[in-house]
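Order as written gives the chain letters A, B, C, D, E and F; numbering starts at 1 within each chain.
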Amino acid sequence: MAQPGQPDPAAAIEMAKQEMDYRVNLFNAMVSSCYEKCIDKRYKDGELSVGENSCIDRCSSKYWQVTGIVGQMLGAQGGMQ
Amino acid sequence: MAQPGQPDPAAAIEMAKQEMDYRVNLFNAMVSSCYEKCIDKRYKDGELSVGENSCIDRCSSKYWQVTGIVGQMLGAQGGMQ
Amino acid sequence: MAQPGQPDPAAAIEMAKQEMDYRVNLFNAMVSSCYEKCIDKRYKDGELSVGENSCIDRCSSKYWQVTGIVGQMLGAQGGMQ
Amino acid sequence: MDPNLAAMQNLPQAQQQQLMQAIEQMQVRDSLRMYNSLVERCFRDCVSEFRSKDLNAGEEKCVQSCATKFMKHSARVGIRFGELSSEAESQMQAMMQQQQGGK
Amino acid sequence: MDPNLAAMQNLPQAQQQQLMQAIEQMQVRDSLRMYNSLVERCFRDCVSEFRSKDLNAGEEKCVQSCATKFMKHSARVGIRFGELSSEAESQMQAMMQQQQGGK
Amino acid sequence: MDPNLAAMQNLPQAQQQQLMQAIEQMQVRDSLRMYNSLVERCFRDCVSEFRSKDLNAGEEKCVQSCATKFMKHSARVGIRFGELSSEAESQMQAMMQQQQGGK
């Protein structure tokens, strides 16, 4: 998308902002998705149980894998352009 | 809101961006609303059934009509200013 | 975060925008949270019942208190930086 | 948690105008988003049958009641929000005066 | 409710380019958001077991079907959206011509 | 999918500063949004009785536990996210070196 060797500062700043926006959105979606899947909502106290902690780790990993699968599919059919 | 015959480029660009933002949001809301109403979430395969396809068409049409009704109501009482 | 006595117009504008963005988001979240909690979704007519109205008042008050509690917790642990 | 628009009063004329314009644009954007979310909500709550491509009379009536109710609800929350904000502001000012008085 | 990009034609060359660039940036941002929301949805609908850190075969297949279905759905809504938009636009133009004819 | 902040190193000094400032502003905005969504979630999960206008003791305790839990959860996801990102980055770099080596 960006041609190397053609430095346009404004465009580079815009790209960096876009990338950050994307990463923040991805992170937030991962946080809220795994919260729904893993956290006991009775809130007896503020501690994460052993089960919740390991669920969070696996959930993060699986979520990441889903981004990979979907990313490849969109890339393959040019859906991200 | 914008006086005709008074061309302010920056304001015109801003308006065009606002309009695009609005249309993208409307489209996205239509996509996700009709997805919830019409799509079978068991995901046996990646095909849309005949029933899903006709549901999507009718859902899009009804969604559009709702924007019309609500738009008129807001316009009538000046709620959009 | 902003040093007093060091007026940077662009930064001041940015801060005012951020604050407005924050307040609008807070207001919208309060509107939709209290809508879910208080409003009868059968929509027989367009009137709010006495019960709905008093629920809205109490809900707004409680929602505001929750922002206070969470704000203090985040402030205490520096979580908002 | 609250004010800072106070900072605005210290801005030069030109920047004040720029800020007012930015605020106006945000307001247009926000009311368009409010409109979108209102449509989304009332559609979700009122329409669930797709045997025809036109809204039936019941759905249309439901959408109207829903939109009216939502706007009344939103206006009432707006009043409460204003009260709670200005309460918080006066508390903060009282606190700051107390601190300065303590010097 | 609808057009205004017409306003664009009256813009000077330089601003037209600026606008095109802004639109392109919004499109990149929007397709990244669409991607994010697609991932979120298919994850929510397909993954609900956390005994291992890797997707099992069933989950992987489900995610693929979900993403494919969503993209087909989205494309179909896009076609309908385009039709409904241009219908609305021609109605509006007809109305405006009628009003001007009435002068 | 990943880096590009690398592009930043090729920017002139002035633009680097501009970018840093933009990033800072985005971070403020994002943490304020995080705060808003945390309030929304804990309110939804903890408060469901509206016979009085003040939170009762149980609700207050629930909100505190919810907020604490959410922050711990969010921090843990953050660690995993960092690991997964840097893994992906090294894989990509390995791939690129392999491709260049193949020349």
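A few comments on the model shown:
Criterion: contacts are C-beta pairs under 8 Å (C-beta built on N, C-alpha and C of every residue); 3 or more make two chains touch, one makes a residue touch a chain.
The UniProt protein names, listed by chain, are A, B, C, D, E, F = Mitochondrial import inner membrane translocase subunit.
Here the structure is a predicted model, which means the values were calculated and not measured.
Of all chains in the assembly, those touching chain E and also chain F are A.
Minimum number of contact steps separating chain A from chain F: 1.
Using the average of C-alpha coordinates as each chain's centre, A ends up farthest from chain D. Averaging Cα coordinates per chain places chain B and chain D 21 Å apart.
Centroid to centroid, with C-alpha atoms defining each point, chain B and chain F lie 29 Å apart. For the pair chain D and chain E, the distance between mean C-alpha positions equals 25 Å. Residues of chain F found to touch two or more other chains are 37, 46, 64, 67-68.
Those residues of chain C in touch with two or more other chains are numbered 21, 38, 57, 61, 67, 71. Viewed as a network of touching protein chains, the structure reduces to one closed ring of chains, two contacts apiece. Beginning the circuit at chain C and passing next to chain F, one meets the chains round the ring in the sequence C, F, A, E, B, D.
Here chain E touches chain A in the complex through residues 25, 28-29, 31-33, 35-40, 42-44, 46-48, 50-55, 59-60, 63-64, 67-68, 71, going by the rule given at the top.
Listed in rising order, the residues of chain A touching chain E in the complex are 14, 18, 21-22, 25-26, 29, 33, 36-38, 54-55, 57-59, 61-63, 65-67, 69-71, 73-74, 77, 79-81. Looking at the complex, you find that chain F touches chain A at residues 1, 3-5, 7-8, 10-12, 15, 18-19, 22-23, 26, 30, 34, 37, 41, 45-46, 62, 64-70, 72-74, 76-78, 80-81, 84-85.
Against chain D, the residues of chain C that register as touching in their complex are 2, 7, 9, 12-13, 15-17, 19-21, 23-24, 27-28, 30-32, 34-35, 38-39, 41, 43-48, 52-53, 56-57, 60-61, 64, 67-68, 71.
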